[in-house]
Each structure stands twice: as C-alpha cells, then as structure tokens.
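I've put the structures underneath this note.
Next come two complexes built around chain A: one with chain B, the other with chain C.
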Partner chain A sequence: MALSNVLEIPTSGFNFENVARNVALEGLLEGGHTKTPKPMKTGTTIAGLVCKEGVVLGADTRATSGEVVADKMCAKIHYISPNIYCCGAGTAADTEKTTDLLSSNLTIFSMDSGRNPRVVMAVNILQDMLFRYRGQIGASLILGGVDCNGNHLYTVGPYGSIDNVPYLAMGSGDLAALGILEDRFKPNMEMEEAKELVRDAIHSGIMSDLGSGNNIDICVITKQGVDYIRPYQESEYKDKRQKRYKYGPGTTSILTEKIIPLELEVVQETVQRMDTA
Partner chain B sequence: MDSQIKGVSTGTTILAVTFNGGVIIGSDSRASIGGSYVSSKTINKLIQVHDRIFCCIAGSLADAQAVTKAAKFQISFHSIQMESPPLVKAAASVLKELCYNNKEELQAGFITAGWDRKKGPQVYTVALGGMLLSQPFTIGGSGSTYIYGYADAKYKPDMSKEECLQFATNALALAMGRDNVSGGVAHLVVITEEGVEHMVIPGDKLPKFHDE
Partner chain C sequence: MGQHIGAYGVQDTLRSGFSSVKNELLPSHALELSEKNFQLNQDKMNFSTLRNIQGLHAPLKLQMEYRAARQIQRLPFLQSSHLALDTLKGNDESISFEDILNDPAQSEMVGEPHIMVEYKLGLM
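Right after this comes the complex of A and B.
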C-alpha cells in the first residue's frame, strides 16, 4: 500500500514517549539553571496569499544567530513537491529538516501511488509529526500549493495546529506584514497585483523588524508550473566589500637593514650511499 | 486556564442545545495566542465526525485537532464494522477515552452533539479530564462563564427550531460581547434526521444588546 510515512509505520492512538523523556531532561538540567529550548521566532518575515491563478509565497533572506546576521541570502522558501512549496519561520534547522523529510516522503508516495501529492496530505503529515513532538520542533510553516482541488494556503504551528486561510504572515515580522495584507487583500486578485502585495508585505516586515532584512524572495505557484524568483528584489542597502586582501611588494617600507654573517666550523662529515634505482 | 495553554488556544464560547426534532451546535471563531494576540478570526471549531454527529472544540487547538482526527477515524471504523451509523453516545465515548487516557498531556475539551435513530437528538460534554456527561443543553469554553445566567433562565425543553436558533444566537452574541478571547463570527449547525444545515452569522449581524 502506498503509505505517506515511508520511514515509520504509523501506529494508532497517541505516542507521548517524548513527553516523559522531556520531563526527565528538564529535571536533569534544572540544577544548572538551564531550561529545555523553547520554539524561537528567529527573525523572519514570511507571507503568502491565494490569488486567482494560484498561490504567491514570499520571504526575506536574513538568518540571524543571536544578534549577528549569520546568512544574508538564506533560502526560506523550501521545495516540497513540484506543486507545493513551504515557507519556514522559527528555528532554521527545524524548518529545514522538517520540510526535507516531508519532501522525501511525498516523493516516494508519488512514485508508489502514481499521483501528485495534494496540499491537504502534506498538511496532515506535518500536523501529525509536529503534534507528536509536542512543540519541541520549533517550526512555524506556511504551506502553499496548487492541486486538483484548487489553490490552497495553510498555516502549521509548532504545536501542530493547522488553519486553512486565504492570506497569512508569520515570523517575527508578521504583525508588520499582516497590516499590509489586511489593508489590501482582496479575493481573486490578478497575478501582478498579488506579487506586488506580497512584496510590500515582506518589505514592511523588513523595515519594521530588526530580525528580518536583506533581499526578498517570491515564489509563484500556478497550475502551469512554479516561478521561484530569487531574489525578487535586492536590498537597497548593499555594501561594497573588497574581498581581496593581498598586499603587493613595497606596501611596507624598509627603514634599516643589518646583515650579520654566521661563522660555522665543519666538525664532522659522514657520507652514506643510497641506492636510487 | 487559557494563559497556560501552549501555542494556539481556542479561548472560546461553544454550546449545544436540543430542540424538538434536532439539535443546534454553535461556536465563535476566534483563536488566540497568550490571551493577547488573535491568531485567527475565522477558525473552524465545529468538526464533523460523522454524517449526523458534530463536535465543538475548546482548549489547545493543536490537541483538539489531533484528538478529533483520531476520533473521526475510530468512529468511521466503528460505523463500518457495525454496518450502521454510530450512536452519538459512541462518538462521545471515543472522545472521552482519548481525553481520559491521555489526560496528563492533553488540554482539550469537547461538546458532542448529534442525532441518531435510537435516542434522537442528544448533547454530551467531554470535560478536560475525560468526564462524560449527557445534558439537554450545555455551554462551554471561557466565554460560557458569562452566559450561565442567561442560559439557565432562557432555556425551555422542546423548543421549536426558530426559538432554539434565537436562543443559541443570543447566547453566543452575549458571550462574545463580554469575553475577550471569544469573537469573530458565529457558526451554527442544525442537525436533524433529514440532514445538516450550516449557518454563519458575521459579527455585525449578531443581535445587539444594551451599550453596543
């Protein structure tokens, strides 16, 4: 049977093994004043909306590690299947691995069943997995895609809650982006207008949120195919880096020169023949 | 209770009322995080678990969605094995088993309502710890505390469908008006032997009371 979870056979009922493990871990760490990691919103603005011809997803490209920008051109829109893409906010490693796992499962499922995956199926697999891990996987995802049932946009929270929505923003810059979307979203928008609206929403997130910045990526999914525009718009604040730090001879001037010859006496001389055939 | 729910919570108002020939189940549509951010204005809290059985959810959205998913599967399987539509009590019991056996980890409560051939229209409450109770009508969620007086005073057994609709709409409107984590639109589903009718009343069309 073509199963959606190729690596593990799903068992019925709930599996709360990880809860006992987490409680035990927290007990161990308590003494050293460390708590188990909470899902973090690590500086991101992602947004998506459903328009007449398909789904438009957008994201900024800044990845932060504490107060430092770790990656200025990180890709936050992940490939799931030819007709489904997913934006990820939260812990970068978690979103990366979760979407990777989902993509692998769906590819094998497509081959086994001979059908293109549906967006609801991807959402259900994500929900089952994230719920099982009780929020320890810090992934807030926006899943968008086009299938035989139409154009879909879903939000998946880190604890495993899902919602089907026409427009959406997530990440630390979500409130700024949501403001733009709430103001200008209309159902059944034209493609160009939709792309501009998503761009404006991400731009607003970049301007108003310290954790978001750099360039804007846009991904357009329609029945005909996918247009992943990376970058859709480059940052206005680019610096010119030299990136070549080679110093030619004469850069440092020589002021004085002193030569001291060392007088050496030959004390012992030995010759050893070597066969070098 | 709401502030302790991790992730998205359905701080909510839900209710179910039997009338002469059927049952009306209703809810608001707001989902919140941490009691101060509305994460969704249009969340669906009325989940259909079988042809004539619905349940409304309260508590952690993730937990409630996971439980109703498992329950839908189990009820469907039970119905196929028995070769007949499930009883409302059976559906409620499935939810109760899931809630009771996993009571340490789950934070979700349900109201199950529906119609079956054996007992007609029924309403069951499944509370947080897994208590199962059958009542002619019930209210739940954080917003329900504001309408206990109204519900107790205005409920009459054997109402007509229109009277019952008015009762449910008024109750939801009053609760949504006072509870900050309930709001959005009012969803109502009327379940009778003939079928299922879904109604949505947008916020501005809800009945207005004094000071509004």
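Right after this comes the complex of A and C.
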C-alpha cells in the first residue's frame, strides 16, 4: 500500500483513477477489435406542450443498448416535485441519476421554505450541474411544471443550454414528433386536444425512429394535481412470451430404471439426551 | 496519486516513490483537472464577487469563520462530520455527487493512526 494513500484521505466525488487503464484496455483487447460495452441509451421520442390548464408531457417506453432493445417498459417521465415532472433522453443512467439528484435538492428546499419549487429553480440547478460536467453527463431533458407564475416548459441540453418554449420534442425521434407538433399546435389548447396531439407526436416518433417504440406514457400536470397515465396507449405489436420456462413432470420419458441398494452397517451407536424440559 | 512535494521543493521519494515522466503524461479525463480545482475556483469567484459588492471586510470575516470551523475536527485518521463548515458553506442544503460517490466515511482503507498524526503535526 503506497504511503500517499495513508497520508491523504481520498476526496469524495468522481474518481478518475481508471481512465488510463480504460484507454490502455481499449487498444489491447484483441488488437483493437473489441470495444468497451455501450451504456444503455434511451433512443427516444419525448414531447411536451403547454395548454390552457397546465402542461402535458409524453414519452415512449423503449430503452436500447446498441442494437438490442434493453427495456420495453422503461419509465422516461421522472418525478421531480409534486408540481414538476421531467422527461429524459440520452444515457438512461445519467437521466435517472440527474433527475434523482434534482428531486432531492428540491425536496430539501421545499422542506426549508415550505413551498413548492418553481420550474425556473429546477432548470437553473440542472443547468449548473450539467455545465459543470461539460456534457460528459449525457442527459437531454424536458422539464414541465405548473407553479405560481403559470405553466412552463423548458428544455435542458447535455451541455447546459436551456430554452423556454410552448411545445417541444427531444430524442432521436424528435424530428418526426416536431413535425406533428408544428402542424397542429395552437396556444391555449383544451386538455383533451392537447393529450391527443402529444400522443400523435410520440406515435409518429415511434413509427419513424428505430430507437423509439413500444408503449406511450402521458403525464398531465395541472394546478389541481398530476395525472400520470402509464401506459396511455399500448403498442399493438406485443409478443406472447411465457415468463416461466419450467418443464412439467413427464416431459422426458424414462427408458430404463436400475436401483442399487446401498448396504450400510451400523458400527457404533451413541445416544445423547437433549434437555427439552 | 499526486506527487508529494517534500522538503526543499522536490519530489518526495520516500513517500510517493520514484518519479516517472511517462506516468505524468498518461491520458487523463477531460474533467480531471477541472474537478480537482472546482471547489477552489468557486470559492475564489464567490469571494471576489462579495468583495466587489460589499467591500473587503465581507470575505475577510467569512474566511476567518471558515478557518475557525476547519480547526474543530477530529484526529486525522478519523472521519469528521464537518458540520460547522458545511453549514457555513451552505452544503447542508444541497446534495451533489460529492455526497454520493466515494464517501470517505465508507472508504475501505484506513490510514495508520500514528503516521497520519505525525504527518499532520509535521513531525515526520
């Protein structure tokens, strides 16, 4: 054990000791043909829009890891606070942990001040955190919420850029979804119409993008409360997989049976009484 | 594992082994340097803003309080809670990666008590 470990307590936070090793490994394994495993991304379609009574957020539920669907029922709409929800695209773990940290910080704030946090506060905390890590945290987020100042919808990019817009789509299927939103969005829409529009936007993302698929989740945030509908619409392409792969008795036929009895001889017998009184 | 600058300003071979140029040139992560100095830079920025707004007395008083709070810790090889320091800095109301990853209270290695105390007191 090197003495410098003994004399200094390791600092908390990120540890960069393995960076050199990883770079060396990438070159060494099978002469550079093997690549490091890819993190699970949520090649995604997420969308949101501001309507008259609140904010409607929508997302698909597919998480991919390279070319394989890793999760068919992934929850991409994360809880931040009772009046703010966040859709996340990018690396699945990064969006999950970042929104968790944000939610914890806002909970501490709510407990301190006794109020629900404002959406701008959530956006600023996210922006500071993501810019500090210079985009290494791959999280593109759509934050939507209702607070004392009205209904807000913000987008936060992985490098910390923010934008306040009335309707929004992010992820690999964002172009398809944005087309639908651009066509039919009107300011101050009714709730049912807004939900249908978001559903259609996500649906077009699912149809046109390989990284999005499966079910559609919708989250409606209003002054009265939150309605998290999961799933809002199930995909019609479901496969019938049996979850149990146990073989029933009699699956394999018995051809022959041979029994050899083991001859045991009692050599010594000792009895030890247990006091069970 | 940084270089220990020992006495006379040269590499402390006794504590950190022989120096090697190759080890220092190895690729490092894009964030390694910025994270190492992040807290220092934040503090510098905040103190200089405070000095510009309120005058020299404000950062002086704050730094005096920080220095006082930093002195009331446990012995070097034990984990201190840093409660006073955290409250002064405002870290008691926020959670970041420093609180989750590599928590020193959970580290699997423990230092040699005698050596650490001697090092801190400058006897070694």
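Everything below uses one rule, namely that the second predicted complex is superposed on the first by the 208 of 277 C-alpha atoms of A that agree within 3 Å, B and C clash if a C-alpha of one lies under 4 Å from a C-alpha of the other, contacts with A are read in each partner's own complex, and residues count from 1 in each chain.
As a working rule, a residue touches a chain if its C-beta (ideal position, glycine included) is under 8 Å from a C-beta of that chain, and two chains touch if they have at least 3 such contacts.
Every value quoted in this text rests on a predicted model; they were computed, and no experiment measured them.
*Asks:* Figure out whether A:M129 sits in contact with chain B (first) or chain C (second), or with both, or with neither.
*Replies:* second
*Asks:* Just to be sure I read the superposition right, which of the two partners does A:A201 touch: chain B = first, chain C = second, or both, or neither?
*Replies:* neither
*Asks:* Which partner does A:D112 contact after superposing on A: first (chain B), second (chain C), both, neither?
*Replies:* Touch status of A:D112: second partner only.
*Asks:* Chain A residues in contact: does chain B have more, or chain C?
*Replies:* Counted on chain A, the partner with more touching residues turns out to be C.
*Asks:* Considering only touches as defined above, state whether A:S104 meets chain B (first), chain C (second), both or neither.
*Replies:* Touch status of A:S104: second partner only.
*Asks:* Just checking: does A:A63 make contact with chain B only, chain C only, both, or neither of them? Give me first, second, both or neither.
*Replies:* Neither partner.
*Asks:* Have a look at where A:V19 lands relative to chain B and chain C in the superposition and call it first, second, both or neither.
*Replies:* Both chain B and chain C are touched by A:V19.
*Asks:* Does the superposition put A:S161 against chain B (first), chain C (second), both, or neither?
*Replies:* Only chain B is touched by A:S161; chain C is not.
*Asks:* Once the two structures are fitted together, what part of chain A is touched by chain B and by chain C alike?
*Replies:* Looking at chain A, the two contact sets intersect at 12-14, 16, 19, 134.
*Asks:* What part of chain C is in contact with chain A in the complex they form?
*Replies:* Touch list, chain C to chain A: 1-2, 4, 14-17, 26-32, 34-35, 38, 93-104, 107, 109, 111-112, 115-116, 119.
*Asks:* Would you pull the chain A residues touching chain B in the complex into a rising list?
*Replies:* Within the complex, chain A touches chain B at residues 12-14, 16, 19, 124, 127-128, 130-131, 134-135, 157-163, 165.
*Asks:* Quick one: which bits of chain B touch chain A in the complex? Just the residue numbers, please.
*Replies:* Interface residues on the chain B side: 6-8, 31, 40, 42-43, 60-63, 65-66, 69-70, 73-74, 98, 102, 104-105.
*Asks:* List the residues on chain A that touch chain C in their complex, please.
*Replies:* Residues 1-7, 9-17, 19-20, 23, 101, 104-105, 108-109, 112, 129, 132-134, 136 of chain A touch chain C in their complex.
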